[in-house]
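What follows is chain A paired twice: with chain B in the first complex and chain C in the second.
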Partner chain A sequence: MEEKKKLWKHIKAWVDGEEVILDADKYIITRSKKVKKDWRRQFSVETIKGNTKLYGFLSVAISALFIGIMLSVVNDLPEFGNPSNPVDNEVMERYLESGIEETGAVNFVAGMILDYRAFDTFAEANVLFLAVMSVVLLLKKDKQNYSEKEERENREDDFFDENEKRPILKIGGKILAPLIILYGIYVVLNGHLSPGGGFSGGTIIGAGLILYASAYGQKKMQTFFTFRTFTLICVGGLLTYCACKSYSFFTGANHVGFEIPKGIPGNILSAGFILPLNICVGLIVACTMYGFYALFTKGDI
Partner chain B sequence: MEHINWIHNIPFFSIFLAMLCGIITALVKNGKVAFKIHSTMVFIVFIMSVILLLSVVKNNEIFTFMMGHFPAPWGNELRAGPLEALMAVTFSLVMLLTVSGGAEFVFKDVVEEKQSLYFIMLNALFGSMLALVYTNDIFTAYVFIEVNTIASCALIMAKGTPQSMVGTTHYLVISLLGSGLFLLGLCILYSITGHLLFPQMKEAILEIIKTDQYRLPLLVVTGFMFIGIAIKSALFPFHSMLPGAYLAAIPTSSGILSGLVLKSYIILGIKLIYCVFSAEVMHTLKITEVLFVFGLAGMVMGSVYAIRERKMKRMLAYSSVAQIGYIYMGIGMGSRVGMTAACFHILAHAITKTLLFLCCGSFVENSGGKEKIYHMRGAALRNPLAGIGYTVGALSMIGVPLLAGFISKIYFATASVYSSGKMAAVLIVLGVSMVLNALYFLPSVIAIWTPEKGKENKPNFSVSPLFAVSIVGFVILNFVLGIFYRPITRIIQMSIELLAQ
Partner chain C sequence: MNHLGTNFYEAVSVILFGIGFMNLLLQNNLIKKFIGLNIMDTAVYLFLAAKGYVMGRVAPVLTDGIIDAYYYINPIPAGLVLTGIVVSVSVTAFSLALVQRLYKHYGTLNMDEIMRISREEEGE
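Let's turn to the complex of A and B:
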């Protein structure tokens, strides 16, 4: 009888959406202790001890299974470089044979990613932009993620940047950073003529900026590269990309004509939109690289 | 310029408009302005998609749109038919209603200087969902999956609380696992077919099945791709990222993530089934059977988890898991009727779950920020409009006649008759799952309408007009889908016939 009453109580409480409390006395005792619950479940090796063996076994088993599957698939895949592979079809043929003629780019890769399949690259540039914007959303200082301690550390860093000598880094940075940036610009501008392009050149420029920033400190960087310039460059680059590609998609798909002249392959001013697109991508990538560095170290650009 | 077919340009315009608005919003400092830009953009896309839908239904056609100067196997392509257009209409409508109804949560929960960043992510997310719906190229699909993942993680963490960081990390790790599997499958598929566009891939795969060469890689690829999509769309054993993320996020984000983002991956999966792997190959490789079993398991287990849950948002998240199970069950039936039911359920769940999340956000707000159902007693009396919305949504999820959820369940039951050997399983699990749905939705409905003892429950009619419009809109949509469902199912049937050609 007692049991039945308990069950009925249980169901009634549950239908009402209440928390079911069966052993009220015990509950009150435990509750009065007021264990402060931390939202971070503190995982330590001790607490998951019961499952470590199972987890260990499962992870090894799943990895072994995956490795087995992958190896057997690789065994069955077409041999690398074999001329009768499915990959060597009319797609590859046209890219290689009439790529220069159709895109005007001597670098086939540039022709492929910025002309044949430019839509994918547009999305890829957007991925970079969104990634850096997410980091801004996460790390940029505001009243919610502001702490006195971090602020003090940042001030100390700034002090050291100004007053410490660090001659090797500073002189090295002074000489190397312009060269690196110059080389990056070269790689970007020659993207349609030689290996390289917006993505690789942009990374090199970003590396130069990071070297300069780590030698001379964020303060000095901010004399010419603030958050405002950062947004303007990123948005400007993406908007130019968007405008160029909208134009060429629209005219191409609707067969309107008005094609951009391709120029003589091999000249620096050739290959239609590929040069400006490479510059846009390069700018976005450079800003993104430097932006990540600045946001992760100081929480501000 | 008379030969330009403007209607065929609509998919391209909608995707680029959404991405363009995302880029421009970076220049806007004020969240209110960003919100206006976003809603205008979604509204324009909605109008364009309606025009597209009317046109493709009238002409009974699927067309491809060349992105650039180069035709199919060399350049990118978009493709639109009735299914794509219908999904674009639904996505834009639900997005419009959710964001306008949930704008106040955004302005309240997100730090002021970061509100415009939130809208950048919304714009990009919308663009990527449209691209996933319209794409005819598997690599474009992958790139937009990346955009989608980053944007959805940003939407979860926008609140900035430690809890939301934990939720985001969990979501990010599991999502990346899904993207990684998809990319792996894509690479192997490219090396055995040599193409990236859907129609050419389909031909190559049929050739593989005929010659029996590369049979094992094909099987593994199909497995990887569909496991990837299943992880992304939170099919049952891969659902663990949902509850934490939805609990910690702003209600607007949770609504969009569960109502639309999960669905965009399923649409991609449906397109892959018909346009790349073809229904027969899926059947010979037994992938549909696997999806069917996991769908059934998800229907039951999602509901069981939801019953155990005491926090309303987590309960809704588990309910999403169950509903995703329904959709996969429909896909797994392997018949066109089953697919029709699954597509209809995508629409029904999109409009219902967003409504539930918005109402739930309002309850949490007027119960003093407490998440448990126990603390929400009388919440509906304090905000009757949200209460009515929640009740309608819950009844629709349970499957009460006149509401959208009922129709999809009827269609699932009917579809089971056409797939031999699966009828008993479908009917039994459908019945069990409906009872379980009722078991967790009804107590919460009772709880919110029960007045709290010893407290005054003054009804508060001063809800913001946008919130009211959105809730009323969703309720009306629910009834419309539940009563005048014929034209919509006819469009879906037609589009599946066209896709399967």
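Let's turn to the complex of A and C:
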């Protein structure tokens, strides 16, 4: 403050023509340096993170501010459930009114995501596949990233899986796993007729597989589900999906030339390609879910 | 315009989003951080589902052979929520795999500890 005053006095004197400032640059440099240092010391991220109380207070304050701003936005949003809202526009009318004719699916959402927006769903399946591949990359057991201690633990786990009784889990798994998988298959196959579809049904099948694996151990699972089957099902599902949906490219966007029989809406064999696409998606999702479980617990499928 | 009383689903989803964000900022444990991220995802699903609902209409599955756009709710947010769920599952699995590798290397899940140890290792 004092220095500032001094400089100001000097400048005033210079303007009045009373004296010449020889070392004004020095003043300015020292002043600006000091200010910069102060600013950095006050607002450095490290200091804030080091001060736990200040950091917590700031986090809560920022979140509360965010909630407040968003609530004021919600206040101005159109009314909940009002039929004349701008979201309920002609796109939705088109999907609902000509959906049955154009896709043949009784479940409008299935018709939408697997016919009108099938490439979006293809990308979703690809996202899942990429995720499971990156998890394989990070966690799959091999000699370089596995220590002897972990291997010993794994062997102990296998031993317990084989020899321990665990009657509730084993009998429960034996009875429940087939039922859960059967229900998942039902949900997948009825994706175009009732709520559900490839993603939810695939998750249910994956849950059944996880229950079986946790009851009987990885080794028994590997008698019918190895890494090879996993890759074959995933890649096969994706390729089948790609081939099924590429017909739109080859026949033009309006499906000219090669019309797939739509069947009677409501029958199980109807709705063009929606049923096979649902099966593909269901297989991919089931494999992915079980793959996540197996890789996270044992590091191997 | 004063719809805060009728838009309580949206309001709750916004508050949930804020809670998840706070969790993301405050927690030091990496797994708890990703739980916060998942709470934020859930808030977005709730928001989308609330936007798609229309009062007095039924779910978008053909019922009694009625083909009428004014009988069913909006099917588009359902598809968007599906996309969101898939992306959220993938991101969560990937990040948890990274956390597992970090834990194997550093022996802790605390982020500050991990930063400290990694800085020490770099310094040596």
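The rule we apply is simple: the second predicted complex is superposed on the first by the 245 of 301 C-alpha atoms of A that agree within 3 Å, B and C clash if a C-alpha of one lies under 4 Å from a C-alpha of the other, contacts with A are read in each partner's own complex, and residues count from 1 in each chain.
Methods note: contacts are C-beta pairs under 8 Å (C-beta built on N, C-alpha and C of every residue); 3 or more make two chains touch, one makes a residue touch a chain.
Values in this document were obtained by computation on a predicted structure and should not be read as measured data.
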### Query
Just chain B (first), just chain C (second), both, or neither: which does A:Val235 touch?
first
### Message
Just checking: does A:Lys165 make contact with chain B only, chain C only, both, or neither of them? Give me first, second, both or neither.
### Response
neither
### Message
Quick check for you: in the superposed arrangement, does A:Glu93 touch first (chain B), second (chain C), both or neither?
### Response
second
#### Entry: chain B versus chain C as contact partner of A:Phe108, first or second or both or neither
second
### Message
Let me test your reading of the model: by the given contact rule, A:Leu138 touches which partner, first (chain B), second (chain C), both or neither?
### Response
both
#### Entry: Touched partner set for A:Lys149, first chain B, second chain C, both or neither
neither
### Task
With the two complexes superposed on chain A, say which partner A:Phe119 touches: chain B (first), chain C (second), both, or neither.
first
### Message
Which partner chains sit in contact with A:Phe250 here, chain B, chain C, both or neither? Use first/second/both/neither.
### Response
first
### Task
Classify the contacts of A:Leu77 with the two partner chains as first (chain B alone), second (chain C alone), both, or neither.
both
### Query
Of the residues on chain A, which ones does chain B touch that chain C also touches?
73, 76-78, 85, 87-88, 91-92, 95, 117, 120, 124, 127, 130-131, 134, 138, 145
#### Entry: Residues of chain B defined as touching chain A within the complex
1, 3-5, 8-9, 12, 16, 19-20, 22-24, 26-27, 65-70, 73-76, 111, 113-114, 117-118, 120-121, 124, 128, 131, 137, 139-140, 143-144, 146-147, 150-151, 153-154, 157-158, 160, 162-163, 166, 188, 190-195, 204, 214, 216-217, 220, 310, 372-374, 376-377, 442-444, 446-447, 450
### Message
Could you list, by residue number, the parts of chain A that touch chain C in their complex?
### Response
49, 56, 59-60, 62-64, 66-67, 70-71, 73-83, 85, 87-88, 91-93, 95-97, 100, 106-109, 112-113, 117, 120, 124, 127-128, 130-132, 134-135, 138-139, 145, 194-195, 199, 265-266, 292, 295-296
### Message
Residue numbers of chain A touching chain B in their complex, please.
### Response
14-19, 39-40, 69, 72-73, 76-78, 85-92, 94-95, 102, 115-120, 122-124, 126-127, 129-131, 133-134, 136-138, 140, 142-145, 231-232, 234-235, 238-239, 242, 246, 248-256, 259
### Query
Inside the complex, what are the residues of chain C that reach chain A?
1-4, 6-11, 14-15, 17-19, 21-22, 25-26, 50-57, 59-62, 67-70, 72, 74-79, 82-83, 85-87, 89-91, 93-94, 96-98, 100-101, 104, 112
